[in-house]
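Heads up, there are several structures right after this.
In what comes next, chain A is part of two complexes: it sits with chain B in the first one and with chain C in the second one.
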Partner chain A sequence: MISEQREKKEKLHRGAFYYPRIYRMIITQDIKSKMHYRADFYISTIGMLATNIAGFISFWLIFQSFPSINGWTYYEMLFLYAFSLLALTPVQLFFDNNWALRFNVYSGDFVKYCFRPLNLFFYYISETIDIKGAGQLVFGAGTLVYAWHHLGLEVSVRSMALLIVALTSASLVMIAMMNAAAATCFWVINSGTVMVFLFRFKDYAKYPMTIYNIGFQIVFSILIPIGFIAYYPSLIYLRAQDVSILTYLSPVIAVLFYYGSYKLWIRGAMKYSGTGS
Partner chain B sequence: MENRTKKLPFRRYFSITRAGILEMAMFRSSRVLDFVGNMVYMIVVYFLWRAIYASTHTVSVNGMTFKQTLIYLTLAGAIFSTLNNYLVWKMGRDIQSGQISLFFTKPMDFFLREFFYSLGNVATQLVLTFIPTFLVVSILSGWSLPMGVNLLIFLPAIAMSLVISFSIDFMVGTVCLYSQSIWGINMMKEVIILLLSGATIPLAFFPEAFRNVLMFLPFQAIYNVPLMVLVSNTYTWIDYARALGVQAFWMVILVACARLFFRSSSRVITVNGG
Partner chain C sequence: MGSVIELENITKVFRVLNRHAGLKGTFTDLFSRDYKNLVAVDHVSMSIEEGEMVGYLGPNGAGKSTTIKIMTGILEPTEGKLLVNGRVPYANRTLNAQNIGVVFGQRSQLWWSLPVIESFRILKEMYCIPDKVYKNNMEMFDELVGVSELYNKPVRQMSLGQRTLCDILAAFLHDPNVVFLDEPTIGLDVSMKSKIRELISVLNREKKTTVVLTTHDMGDVEALCRRIMIIDHGKLIYDNNIQQLKQFFGSYRTLKILPAGNVSFSEADLAKYGRQLLVLCPETRNVVFGSDEEWLTVLVPEDEISLIKVLEHMQTLIPFRDVRIEEITTESVIRKIYEGTSDAKPTLEAGHGE
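Moving on to the complex of A and B:
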C-alpha cells in the first residue's frame, strides 16, 4: 500500500525528461561494457560497410549492362538505396535488443524486466545500443548526398524538413515490423525464423514498387509494408508529378503500424508467466 | 570393432548426420517459412530482372537471356539457403561459452563431427528447398532446363560445393577463437561469398578483367560451377570433367587449410571459467 502510494507520487514527479534521462543512464552502461570489445566494434562496422558497399556494387554492375530499371536511372536507384539504408539505421541502432528477446523469454531472464517501475517495452529496448549501425548511417548519408547532387534536387529548408519527416516515418515502419516479429516469441518457439524471414524483406525495399504487378504492390503496401521504407516517401523527390496518396499518408500509417506492434509486444509480455525457476 | 571401423570409416559420424536431420525436422514451421522466403525471393528476382531486361531491346545481354538469368539467380538463392548452416554462429557460441572444450574430450574429430552434422542439415534442405525450387523454376521456364546427364553430374558438383563452403565456414568459425566478433566476421564472409561467387549478379555481367580475377578464386566454385553444370545446354564431357576438376582442386586445398588452421589455433584456446 505504502509502496503503491510512493509509486504514484514518483510518477507525478517524473517530468518530461524522466525517460530521456533514464535512457541516457542505461545506454551509458551498455556503451561502457561494449568498450571492452573494441575489436568487435571495428570488425562489425567493417562488416556492416561491406554489406552496404556490396549493394552499391550490385547496382553499379547492373547499370554497366543496362540503361535503366523500368525507367529508373542509376542515380534514382541510388537515391532509393541510400534512403532505405538511412531508414533502416534506427532499427539497427536502437532496437537491436529485439533479437535477444526470444533467448530472454525462453531462459526466464525476461522476468527481470517485469519488476521495474518503468514501461516494460522502453526498459527492454533501451538496454542495448548497437553502435555498428553508425557505419550504415554514414554510408547511407554519403550515398544520399551523392545521388541528391547528381539528380540536381533542390536544397532548401522545406526539402530538408520533408526529408526528416519522411525518414522518421520510414524508420517507424521497419521498427514496427521487427517489433511484431520479435513479439511472436511469446507465442511460438522458433520465432528466430520469423525474424530472419521478415528481416530479409528489408533488402527488397530499395526497389521501386512499379516493378511489381498489382498483387505484390498490395502485399508490399499492406501485409509486409516495405513500400513505406523507401519507395513511397522518396516519390516526393523523384516523381513529384505522380506522388501516390500513400506518400502523404505514410507518416500516419507509420505511426499506426508502430502503435500496433507496440500493443502486440506488450500483450505478449503481459501474458508471459516466466519459466517457473 | 577395429575391423568394422576400418570397413566404414565414417560409420560413427552417421549418427551425427541423423541428429542434424532430426534437428531440421523438429522445427517444421521454420522449414515452411524457409520455403515461403525462397519463393518470395524468386518472385522479387523475377520482377526485378523483368524490369531490368525491359530497358533493352536485345534478347540476350552478355550472352544471357532473361530466362537464363532468372534460372541462374533463383537456383543460386536455393543453393544459398541449402548450404547456409549457421556453422560460424555455432562455433562462435561454443567458443564464447566454453562448450568447445567438451568436444576435445570426445573420440571424434571436430572438423568431421561438424561436417557430418551440417551434412544432415544440408540433406534436409536439399530435399525441402532446392528440389521444390528446381521444379518450380523448371515448370515456369517451360522445361527449358536440360534433363539428362547434367542432373547426374550436378550431384557430385553440389556435394563438393558443400565441402568447399563448409571449409570456408569452418575457417571463419575458427577466427572466432581470436576475435570473438561473430556477427561482423560472419557478415563479411556472407557478403564476399554472395557477391564474388555470382550469386547476387551472375558473373557474366561483371567487367571482363574483374571476372577473370574471380575465376581464380574459390567462391565461384561454390555457385557458378554447379549452376553452369545444371543449366548449360552446350557442356561436353570435357567441360563436365573440367568443372568437377576445378571443384576438386579447391576442395582439397580448402579442407587442408581449414584443418591446419584449426589444429594450430586450438593451441591458443582460452576457455572461460570451469
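Moving on to the complex of A and C:
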C-alpha cells in the first residue's frame, strides 16, 4: 500500500554549472560532426553571406532614388537594418532546432527527449547550433558600427550597456516568436506554414513602424511583436525626443513574451508526449 | 528488499474529439465540443520488487505505452497513486529520470551523428556519473558484448542490432534502479536477438536492476521473464509467473497447410475435415480448424496429439503443396487467457463495451 505520496518537488543537486557544462559538450560535438560535411558548411555559409549582401544591395538601391523614407535618412535606416540583423542572430544560431521540431513530433521521435533528467526545452534546443549564423553576426556588427559612426552617435559605457540590453530584449522577442510558432506543431498538423509565415515577418522589422498604418502598427506591437526587434529599441539612439513608452517597456515585454512562449512550448510537449506510442 | 514500482488503481482517461466524417464533418469538428472519454489504463495496480524482471505484455493499443509513460513521469494519471523509487514520477520528472533508464524500440536516444563513445561521454555528464562508476561500467560492457570497436562509429552508420545494443548499454550506464525496455528485439535477426537477451539477463542479474520489458516476442518472454503481466483494454488481466502462462500457450502450435488445387474453406468444409480426421484418429477431438487466406490452419493441442501425427493424417485427407508450423503468438495467448479468465471473472468482460 502506498501510505503517503511525496508530491513535493525535490531538487537535483548538480551545481550551478550543470547546464552550461552540458551545453558546451553537446554543442562542441555538434560542431565537430558538422565539420565532417565541409562542403555543406561552406555552401551554407556562402549562401548566408550572399543573402545578406543581396539584402544590403537592394537596401542601398532604394536610397539611390529616395533621400529618405518617411523622414528616416539612409544611415538611420542602416542602423535599423543592422540592429535587426544582430537581433535575429541568436535565434538563427542557437534555436535552429525549432525548425526540426515538427518533423520530430510527426515521426514520434520527440518522445526520446522526455526521458532525460534535464529541462526538456533546454535539451531539445541544445541539440544543434547553426554556425552559419555567425556570418550574419559579423555582417550585422560591421554594418552597425558603420552606421553608428556616420550618425555620430555617442560611444560611452552607458550607450554600450543600453545597446546590449536593447539587443538582448530584441533577440528574446524573436526567439519567443519562433518558439511559439514551432510549438503550434503540438496542436496542428500544418505548423510549418505558421513558422514560415512568422519568420517572413522579420523582414518588416527593419523599417520604422511609422511607415505602416495604425492597424499594422498595433499588429506589429502586440500580435506579431516585430516592432520590438529593431524599431522601439532603436528610438533611444535615433529619435530620443519621441521615445515611446514601449521602448522602456521592451525588456519587460521581451522577458514576458519569452517566458510565455517557453511555457507554451513545454505545455505542448507534455500534452503531445502523452498521446501516441 | 522493497518495492521499486508501486501502482495503486492507476487510471488514465484521454479526452478525444468525436470526429465526424466528410467535409461537413470537418467543419463541424472545428467548433465541436463533442468529446468522448477514452480509458487507456483502467484501475491498474501492481507492485514490482527490486531486481525483478517483468514481462509487460498486451496487444497494440492495450495501454502498455501509457502505463510506461506514467511510470517514467511523462504522463500524469487521471486517478490513482504510484511511486517509482519512492517518488511520484510526474511530480518529479527530471529526478525520476535520473534513476531510470529507457529504451524505446527502434528510436535511438543516442545522438545520431556522434560516435557512440561521445554520446556516452555526454550521458556521463548529463547523469553526473562518477568517474569510477563510468569506468567500471564501460569495462563491464566491453567484457559482455565486446563493443569497444564500435565506439568510434557514428550511430547513423550502425546496423539496427548494433544500435539497439548501444541503446541498451546507454540505458544502464548511470546505474539506474529501473530500466524500461520497449520491444528491444524488434526487427533483429536470431543471433542478435539472443545476444541482446543474454545482455539484458546479465545486466539484470549483476546490477540488481529492475527491468520492465514490453514485447510481442514470446521468445523474449521465455528467455528473460519469470513474471508476466498482461494488459488488455487498459485492464491488467494477468499477473503471475511464466509457468502459469505456459499452461495457456506452451502446448499449442498451429499447422498451416496450403492445399493443392482449389479448396474452399466454408464452415461446412472445415467441419467435414474435422469429422474425417476424428475418424482416422480419435485423439484429435480438440483440434481446431480455420483458414488464413489460402491456407488451412489447424490448431493442435500437443499434449493430446503430436503435430507430426496430425500432419500425417492430413496428408491422407487432402493433397497439399506446402506446410508451415507456427508457434502461437502473444496475441493468441492473450486471447486465450482472456477467454479463460472471463469465465471465472465475468466482471472483466463488462468493462470495455464500446
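Following the convention adopted for this analysis, the second predicted complex is superposed on the first by the 260 of 277 C-alpha atoms of A that agree within 3 Å, B and C clash if a C-alpha of one lies under 4 Å from a C-alpha of the other, contacts with A are read in each partner's own complex, and residues count from 1 in each chain.
The rule is simple: contacts are C-beta pairs under 8 Å (C-beta built on N, C-alpha and C of every residue); 3 or more make two chains touch, one makes a residue touch a chain.
Bear in mind that the values here come from a model prediction, so they are computed numbers and not experimental data.
Novice: Report for A:Asn70: first if it touches chain B alone, second if chain C alone, otherwise both or neither.
Specialist: So A:Asn70 only meets chain B here.
Novice: Could you say whether A:Lys112 touches chain B, chain C, both of them, or neither, answering first, second, both or neither?
Specialist: After superposition on chain A, A:Lys112 lies in contact with chain C alone.
Novice: Under the stated touch criterion, which partner chain does A:Ile46 make contact with: chain B (first), chain C (second), both, or neither?
Specialist: First partner only.
Novice: Please indicate which partner A:Tyr207 is in contact with in the superposed arrangement: first for chain B, second for chain C, both, or neither.
Specialist: The answer is first: A:Tyr207 touches chain B but not chain C.
Novice: Could you tell me if A:Ile26 is touching chain B, chain C, both of them or neither one (first, second, both, neither)?
Specialist: second
Novice: Between chain B and chain C, which residues of chain A are contacted by each of them?
Specialist: Shared contact residues on chain A: none.
Novice: Using the touch rule from the top, collect the residues of chain B that touch chain A in their complex.
Specialist: 27, 29-30, 33-34, 36-37, 40-41, 43-44, 47-48, 50-56, 61-62, 179-181, 183-188, 191-192, 194-195, 200-201, 205-207
Novice: Of all residues in chain C, which touch chain A in the complex?
Specialist: Against chain A, the touching part of chain C is residues 6, 8, 14, 60-61, 65-66, 69, 72, 74-75, 81-83, 86-88, 91-95, 97-98, 100, 102, 104, 107-109, 111, 113-114, 118, 121-122, 125-128, 154.
Novice: Flag every residue of chain A that touches chain B in the complex, lowest number first.
Specialist: 37, 39-40, 43-48, 50-51, 54, 57-58, 61-62, 64-71, 132, 188-190, 193-194, 196-197, 200-201, 204, 207, 210-213, 216
Novice: Which residues of chain A touch chain C in their complex?
Specialist: The contact residues of chain A facing chain C are 1-2, 5-12, 14, 18, 21-22, 25-26, 29-30, 33, 36, 108-109, 111-112, 114-119, 127, 270, 273-275, 277.
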